[in-house]
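What follows is chain A paired twice: with chain B in the first complex and chain C in the second.
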Partner chain A sequence: MTGLTPGFADPALDAQASFRAVLEAMSRPGRIQRTGSSLHLPAPLGQATAAVLLALADADTGFAHDAGAAAEAWLRFHCGMPLVPAGEATFVLATGAPPALATLCQGSEEEPQASATLVIQVAGLAEDEGWHLTGPGIETEHRLRVDGAPEGFVAAWAANRAGFPCGVDVVLCAGDRLAALPRTVMIAEG
Partner chain B sequence: MAVLARADGEAIAALLAPLPALPPHEKLRPPETGLVMVRGRAGGDGAPFNLGEMTVTRCAVRLGEAVGHAYVAGRDKRQAELAALLDAALQDPARRGALMDGIIAPLAERQRALRDADARRAAATRVDFLAMQTTR
Partner chain C sequence: MTITVVPPAPSTLEGYNFAYLDEATKRMIRRALLKAVAIPGHQIPFGAREMPLPYGWGTGGIQVTASILGPTDTLKVIDQGADDTTNAISIRRFFTRVAGVATTEHTAEATVVQTRHRIPERTLREDQIIVYQVPQPEPLFRLEPRRMETKRLHALADYGLMHVRLYEDIARLGHIAKAYDYPVMVNRRYLMSPSPIPAFDNPKMHRMPALQLFGAGREKRIYAIPPYTEVRSLDFEDHPFRPIRAPHACALCGSRDTYLDEVITDDAGGRLFVCSDTDFCAERQADSAKEAAE
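Entry: the complex of A and B
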């Protein structure tokens, strides 16, 4: 338990700001949002990753991760989420290679909202280059470059999208920047 | 912790003041007030049921390497923070003795005296039914 650091300085307002960032990111897939960057975090957690989980995860959301003991202690102290196998988790955090999308909770036709949200920590995010994104929330197309994107992600994403309304949503975090890929978005490599 | 949980914030602060000051602490979780569901069992071993919710204030602080936690009944944030701070400080063997003698022992003594006084007041009104029968 040593080395624990505080969470949000103002739990209500900071969590609302993080929620807003995720909401904007989900509404405009491929547009990069910023969260605050004042948290002191155990490695390998990034500012945006921690802000997203502090805002969204709680005792009712199963959690799976690959981030190590220090990050687990920190997240569980502040969020109090139960640890469950990746296939049952509501939130899955991947700081290294993420699990295959198809192995995560997909939701059901009756309850598509019960599917998993995968938070992936990547090396960098940039707009106006890289992937071509189209779909709801995008007028013509958005472009997003993801440095350190998982291997074969675009093909796996096409399969994920084919299962609509079921499927996994992805939040990409790099430092204090985040972008989201809701299950409705189409990705073309360019 | 039971002693600290029953003491009020002002009393802890008053006893803490004359002692050598503790180093600054960091609030991991600032004092916050919420509700917890209290569960009971009918007759002590029956089916569990929800008795009701009670107000609880919790706090966690870090003092050097030690982490102190406190959950106290009511909405006294000062008490929760001081109890968490003392929980952390009492983990340090160098400070433990002075704190036990200076804070915990007097508080425990005060609480015992109050409990005894209450028990005596209640005992004075006790009715001995057997004695009533024989005097009739």
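Entry: the complex of A and C
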């Protein structure tokens, strides 16, 4: 276990700050939040990615990822989440091309909350340009540019949205910045 | 030998985690809250913990507040609009002791407002969160007591029962006789109990700039309304929803557009009407006193 670096300096307060960033992002889709964390992380984990998982994942949440052995060892040491196939996972981390939305856990009509949260690490996020977002949490329209968004994401999102209330919620992380796409949001290409 | 007495930290209580709940519980509630925001109006079961106060005193709201609260937050707690009732004072003091957060009685200064059965008169802003204490989260409970069945009705968005319930009021009394806990449709999908706020407050939920979170401790349910989300009170084309208030002016501040409490003043039928929102009323009184002085 050489080179395993610490998690949150203050587990209670740092987790709270990270959670509030995600809550704010989920409540106002397309608005970019900062986690403000400065962790020493194994590649390819970014600050926001690590902060989101440290704050929310634990032994109760099945986890699937494509981040490699070093990241896996770090995350599992700090969060203790069991590894499961992507189709059963509560949290799915994609640092490269994410699995198709439709293959992830969608919940059921009666329990739509039993669905996956997909954390995608992207190259960059910017407000006021790119996609046009509408839906709950948005007064008129928010705009969000996602550099390195998965190919065909907007079409896949629209298709998956048709299953509401079932669906998948997405957190986009770039560096220490994050934005979220709850399943209710409608995305139109800019 | 001298005994040095170390005074406890001025605000927070030793021996408890920040904001009372342990971190595993907070994570579980936080995950439920995020899914609640993603599925507006849908009730999500959560493992409500025993709190150091009885069910019915806001244990659900307290657990939600404890899970979102940070050291930089300013907390306001109201009970039926009032900042100075036992329940509101106890909950404010609880969070002062276990989280060391600043508290306020002024709606404008608060970042988190926990409420029992009212929405403040002052419009909430984007940077505020309102947490409702909910006794019964299931709007269909009185019509269909079986949880398994109401779950299915929500899944099918089959809310005919509630429409019939409201229609029966109209048939019998000529109007919908629900003055509080008036059911709403959230984002045109889920029927939701707004908690027992007066129907007068229902329109404030519609496209509110603030995030609205609901916690039911005994019933172990969490739900939410994201900002700027459509919230419609159930009604009929020929019997549109009407928010009701006592047709009087506040005896203290003279307001004619706020929700009023009736206060019995003597044994001879004497009564007066005052604003239920004590902070709003006090502000109006201070404003008019200032104007009078000028």
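Note that in this section the second predicted complex is superposed on the first by the 190 of 190 C-alpha atoms of A that agree within 3 Å, B and C clash if a C-alpha of one lies under 4 Å from a C-alpha of the other, contacts with A are read in each partner's own complex, and residues count from 1 in each chain.
Note that a contact is a pair of C-beta atoms (placed from the backbone, for glycine too) under 8 Å apart; a residue touches a chain by one contact, two chains touch by 3 or more.
The structure presented is a predicted model; accordingly, all values stated were derived computationally and were not measured.
In the superposition on chain A, contact of A:123 is made with neither chain B nor chain C. Contacts of A:4 after superposition: chain B is touched, whereas chain C is not reached.
Contacts of A:137 after superposition: chain C is touched, whereas chain B is not reached.
In the superposition on chain A, A:158 contacts neither chain B nor chain C. Of the two partner chains, neither chain B nor chain C is touched by A:43.
Among chain B and chain C, the chain that touches a larger number of residues in chain A is C. When the two structures are aligned on the shared chain, A:27 is found in touch with chain C, with no touch to chain B. Touched by chain B in one complex and by chain C in the other are residues 11 of chain A. Residue ranges of chain A in contact with chain B, taken from their complex: 1-2, 4-7, 11, 77-78.
Chain B contributes residues 26-30, 32, 60, 62, 65-67 to its touches with chain A in the complex. For chain C in complex with chain A, the residues that touch the partner chain are 17-19, 23-24, 26-28, 30-40, 42, 44, 67-71, 126, 151-152, 154-156, 187, 189-190, 207, 209, 211, 225-230. Contacts from chain A toward chain C in the complex involve residues 11-13, 15-17, 19-20, 22-23, 26-28, 55-58, 60-61, 90, 108-110, 112-113, 115, 117, 136-139, 164-165, 167, 169, 182-184.
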